[in-house]
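One chain, chain A, links the two complexes that follow: it is found with chain B in the first and with chain C in the second.
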Partner chain A sequence: MRHGKYPFIIGFLVVPLALYLVFVVGAYLQMFQLSLTDWSGYGGFSYIGLENFQKLWDDPVFWVALRHNLYLLILMPIVTIALALFFAFLLNSGGKKAGGVWGSKVYRVIFFFPQLLALAIVAVIFGRVFGSDKSGMINGLLPQSWTPWLFLADERWALTCILVVLVWQAVGFYVVLFSAGMGSIAEEIYEAAALDGATKITLFFRITLPLLWDTLQVAWVYLGIAAFDAFALVNIMSVNHGGPNNSTQVLSMQIYLNAFQNSQAGYASALGVVLFFLTLTFAALTLRVTRRDAVQA
Partner chain B sequence: MSVTTDRRTLLRRAAAVGLVAAPGVSFLSACAGSDDSSDDTKQATGTKSADNPLGIDPKAGIEIVIFDGGLGTKYATDVDTPLYNKKWPDSKVTYSATQQVATTIKPRLNSGNAPDMINNSGSDIMDFGAIVKAGQAADLTDLFAAPSLDIEGKTVAETLVPGAVQQGTYDGKPFAVNYSFTVFGLWYNKKLFDKNKWTIPTTWADFTALLEKIKAAGITPFSYAGANASYYMVRAIMTSAAKIGTEQVLKDIDNLKPGAWTNEAVKQAAAAWGEVGKKFANPSHLGLKHTEVQLQQNQDKVAFYPCGSWLENEQAASTPAGFEYAMMAFPSVTASDKLPATAINAAAGEIYFAAAKSKNPQGGKEYLRTMLSKEAALEFTKLTKSLTVVAGAADGVTISPGLTSANDALSKAGQDVFMGYLFDTWYKKLDDASREAANQLFFKGGDAQKFCDTMEAASQAVAKDSSITKFTRS
Partner chain C sequence: MTNLAVKEPAVVSTPKPAEKSRKVSPLNGMAHVALFLWALATAGPLIWVVLASFKNNTEIFLGKPFALPETFSFTTYTDAWSEAHIGQYFLNSVFVVAISTAGTMLLGSMAAYVLARYKFPGNRAIYYLFVSGLAFPTFMALAPLFGIVQSLGLLNTFTGLILVYIAYSLSFTVFFLAAFFKTLPHEIDEAALVDGAGHLRRFFQIMMPMAKSGLISITIFNIVGQWNQYLLPVVIMQGAGADSKWVLTQGIANISTQAGYHAEWSTLFAALTLSILPMIVVYAIFQRQIQAGLTAGAVK
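The block that comes next holds the complex of A and B.
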């Protein structure tokens, strides 16, 4: 038995690992290489050192996109986690015996539903919801005499509209995730606390939240990475791919535009390198900062 | 909708193929290691004769690949192939259609196993400049010099609209047939206009007076979709600029000449259109997509829509009985416009080419010669509601009302037909900037000076960026 174990495990791992090395690690390495070239996407290229990064530093659109990514990075996890925790707590309401709200099992399915839709479909649907004239769903529900809200056509609100959709799409998954986490908390703890006269709010902050910390940490990292992306929604929903007036521009959109439309694959790779390090730094920081908190709890 | 998107993408991109100094060596084909493979493929040839001017082997088969998009494929299967086989019954035509041109064709080009005739278009279009540079496209000089299939006493080149051959010419040699021909103008519902006794304006004063009247009737006088079709507005501004100061204005813009965007003609055009936006724009249209605004036009909620002649076909399914497409030329902006009010912007588009490294490139060219016959061109127009570069092929034939009016506008324009601009395909970055600037101009208060300055800055940024391959035209 024993001597057959390693070939067995290796046999299973080799193929996925090789695929990962070739298609993920290999692609990343190539991106690092290409970020130092002037490759257009067609034809040959030559090495130009760090010129792409210099250009990036001087590019105002890059900074606008970065600012929007940071806006999403801060708001999307906070709002999503807060809502998901709220809903999950309502569904479970601390411990099985206490019971959640009526019909909580059905709600759980409903909450999870957006997760089953392809992001592109979600984007198309919400494009109609936020339609800027009376044919849009929200505007259609408003009184006829009102001037339509512009939503995605309004520079001040376009990015927030996209944030709303990002949150809507993500929240259900975390409701289910947190519900599972809450379900695994021993009931005795709640019972003991309840006997001591703790209110539901106290139960939530003093018991549920601390014991859920690991799950929250994972959620935060995942949501942060999603906030660095947001490509599908921006590409499909926004006016003019990141507009109006770059008000919804994000880094992933810039990578796409430069690589596939502007024929500036080298420059796009440089953007990719920046995004890679930003995401990595974010994940490392989050895990580091939240680990200390977890110990305190 | 995907079909129509493809259609507009292909026309916008393909309209601009010509005159490109092709960019560098194909990296991808070099990767495949077949770029410099010698001519070990046996290519079919026959004896040249009056009946066989391209010298094809009548027994050798040909393989063609057609893009399956807005034009459909019926013209190839039901018209071109039977016509080709009528003349060459022993040559078997292997036909296939694809929506993913680059995905299916690029590997075959790189491995030296290309189809003989390829329709390069759609959203997955191949960079044709790179194909030419890599020696993958056959030189079409002999095709254009060959006699036309069914127009007596003329060579193929002589049967085409002016500029058609030049648009497929790279570094002095023709490599592409830009087959379809798009006329740009202002589209309206003829029945609505007749009913209200609105007459078609030719001067700007008449135009704006009419817009006032239309507005009073409760209809948005002029609009376009800001969310994804703002290049229609760019086209409108550029067409007006060319009318004010001739096509040279646009050539300077394409050539990134300093000051090209701040030229007086551009400024006047931007000011005129900015004024229209200020007075008549519906701000919610900034957030709408092309199909949505076009549908509103079909419902008589929008009067004028700036677009190319594919519009009628694109909207065929949603056009009600009370709607009849008609097209007018952009009105003169000033009293001293250098081009007349009848002048029209029209361009050839939709690339067809014979592969140089296929088994039977001459057969591929012969297929192109078939497509360029008068009979094939007429059937193409009937099937796709698109004109072709074969001059006058659709004259005197009953075609759809919108296309008839585009054809009429074209004949009224006479010699004053200009090709337009190429900067949008040469420099995508500048294209993006122009779309945004047009939206700002039209929907956000109409600041012409700001439009010119923004575009001038964007143009000079491209000019200074050494990583962008530059092109010029004259």
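The block that comes next holds the complex of A and C.
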């Protein structure tokens, strides 16, 4: 019965595991080694101790980028989840028997579509939507007499433009996800509460939201990952890869620029190492918090 | 709005529902307005791109973004297809994604199956090794990844890109499919074992067909994810002659930069339209499966 079990296991694991070890695990392990070197990206290197980390600590652009990442990390999930919950609630408010609000199927199809577009292509589209003269979609819609808005060329608004695009693309996915969650809540619960005189708003906060909590947590993690890596948007949309004046600079862009434009791949690896530990801390904290939740419940 | 005007008199005739509808209809009216506005915000930029692809530069700079183009000329499209190489980029994307999704599915389901249904020393460790990849974003180890691909001589090759796509897709694929294989019943598997079916045969003839729905979901997930990749191709497809091997996302980003230098926007809009339209067609046909496939990953 056990005949050939181990050859089979090895045969099935060896190729996927080898690929994963070389390209994923290998890259992360080498990141630690290279962070201690002056590697330029090509050729050899020599060890320079913790010099890269010292430089990182003193680098104002690193702190600016980190702050922008936190800004996106906090605002993007909040705005996306709020909008998606709102639309999902509106779509399902007609009740399951009525099949939701009139046209809800069509809305769901339209809302979801941006999820299928590459973020890079979305970035190219919105680079033009936010165009700072009449050729841009929004400025073209504004009255002729108005001075065109600068959008991405304006330090104060550029990062918000990036946030808007992240939200624009993500909302539809979570509308569909939350709708599915809302659809699985038994109609009887709503009917019973409605008989007791609960309004739609009460129903939403007292029944829908608590019963959707698990899905919301998953959404939060997914959106956090998406917001953390805004590389395609910043690289394509922003003026001068993170500009103007670093006002849209994020950590993924910093790693890319240092590795491939400044020929400081060792420094880029040190950035990666710092992020590695930040992510690990964040993950551990999240696990800790959610575990406490589970105990309380 | 017109909807409401038609509905209300009919309801007023019967007193009891009228009371109910007074509570519901303002909310319904507001719901329709809000939903319609978001639909407009979603579709608007895409419609604008398609309209602009037929306009010349003068028309584009005139403002009035949703005005119809004066003439419908397809020269921008032929330019985008052949001179801006959209056709080439599109085929490159299709080629790379077809092979790497197939590879990801085969290797991912093999690893997931063994990890989910066989006991052996190191099982847990290997599983967690795969799953830990989910926690760390791809861009983190960009510089060393470039070094590894370079030292293997795979820089600027489709082989390199495909292997990297597969490697970085394995985490989620193994995570998702291992959970899926665990839920499948053991009875049929054991019956086949008694009948003398070997390990390989049980995998291909029993487990794979039973896992069909999970396999379809994760295949859609991987196709969409790999088709939309931008960071990995930008890192790996660089060097002399790289532009002939670019994938669609890279190609369009480059056309966008070029268009900015030459203030020549209509080719860019045509290129964008050419990359959006196939997605709309595929989505229109398979929208139910696509929505299910992409959201399945988030629910499990």
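Some notes on this structure:
Operating definition for what follows: the second predicted complex is superposed on the first by the 260 of 297 C-alpha atoms of A that agree within 3 Å, B and C clash if a C-alpha of one lies under 4 Å from a C-alpha of the other, contacts with A are read in each partner's own complex, and residues count from 1 in each chain.
Note that in this section a residue touches a chain if its C-beta (ideal position, glycine included) is under 8 Å from a C-beta of that chain, and two chains touch if they have at least 3 such contacts.
For clarity, every value in this text was computed on a predicted model and none was experimentally measured.
On the superposed chain A, the positions of chain B and chain C overlap enough to count as a clash. By the touch criterion stated above, A:205 is placed in contact with neither chain B nor chain C. Comparing chain B with chain C, the partner in contact with more residues of chain A is C.
Contact with chain C, but none with chain B, is seen for A:236 once the two complexes are overlaid on the shared chain. Contacts of A:152 after superposition on the shared chain: chain B is touched, whereas chain C is not. Contact with chain B, but none with chain C, is seen for A:38 once the two complexes are overlaid on the shared chain. In the superposed model, A:262 lies in contact with chain B only, and not with chain C. Of the two partner chains placed by the overlay, only chain C lies in contact with A:120; chain B stays clear of it. Contacts of A:244 after superposition on the shared chain: chain B is touched, whereas chain C is not. Superposing on chain A, the segment of chain B with clashing C-alpha atoms against chain C, chosen from 93-101, 417-425 or 435-443, turns out to be 93-101.
Residues 39, 42, 133, 135, 139, 266 of chain A lie at the contact with chain B in one complex and at the contact with chain C in the other.
Residues of chain C touching chain A in their complex: 3, 23, 27-28, 31-32, 34-35, 38-39, 41-46, 48-49, 52, 60-66, 107-108, 110-111, 113-115, 118, 120, 126, 129-130, 133, 135-150, 163-164, 166-168, 170-171, 174, 193, 198-200, 203, 224, 227-231, 234-235, 238, 248-250, 252-253, 256, 265, 268-269, 272, 275-276, 279-280, 283, 287, 290-291, 294-295, 298-299.
Touching chain C in their complex are the following residues of chain A: 1, 4-6, 8-9, 12-13, 15-17, 19-20, 22-28, 30-31, 34, 39, 41-42, 83, 86-87, 90-91, 93-94, 101-103, 106-121, 123-129, 133-135, 137, 139-141, 144, 168, 171-173, 176-177, 180, 199-200, 215, 218-219, 222, 225, 228-229, 231-232, 235-236, 251-252, 255-256, 258-260, 265-266, 268-269, 272, 275-276, 279-280, 283.
Per the touch definition, chain A reaches chain B in the complex via residues 38-40, 42-45, 48, 51, 55, 130-133, 135-136, 139, 148, 150-153, 239-241, 243-246, 257, 261-264, 266-267. Touching chain A in their complex are the following residues of chain B: 23-28, 30, 127, 129-130, 133, 226-228, 230, 282-288, 292, 428-429, 432, 435-436, 439-440, 443, 465-469.
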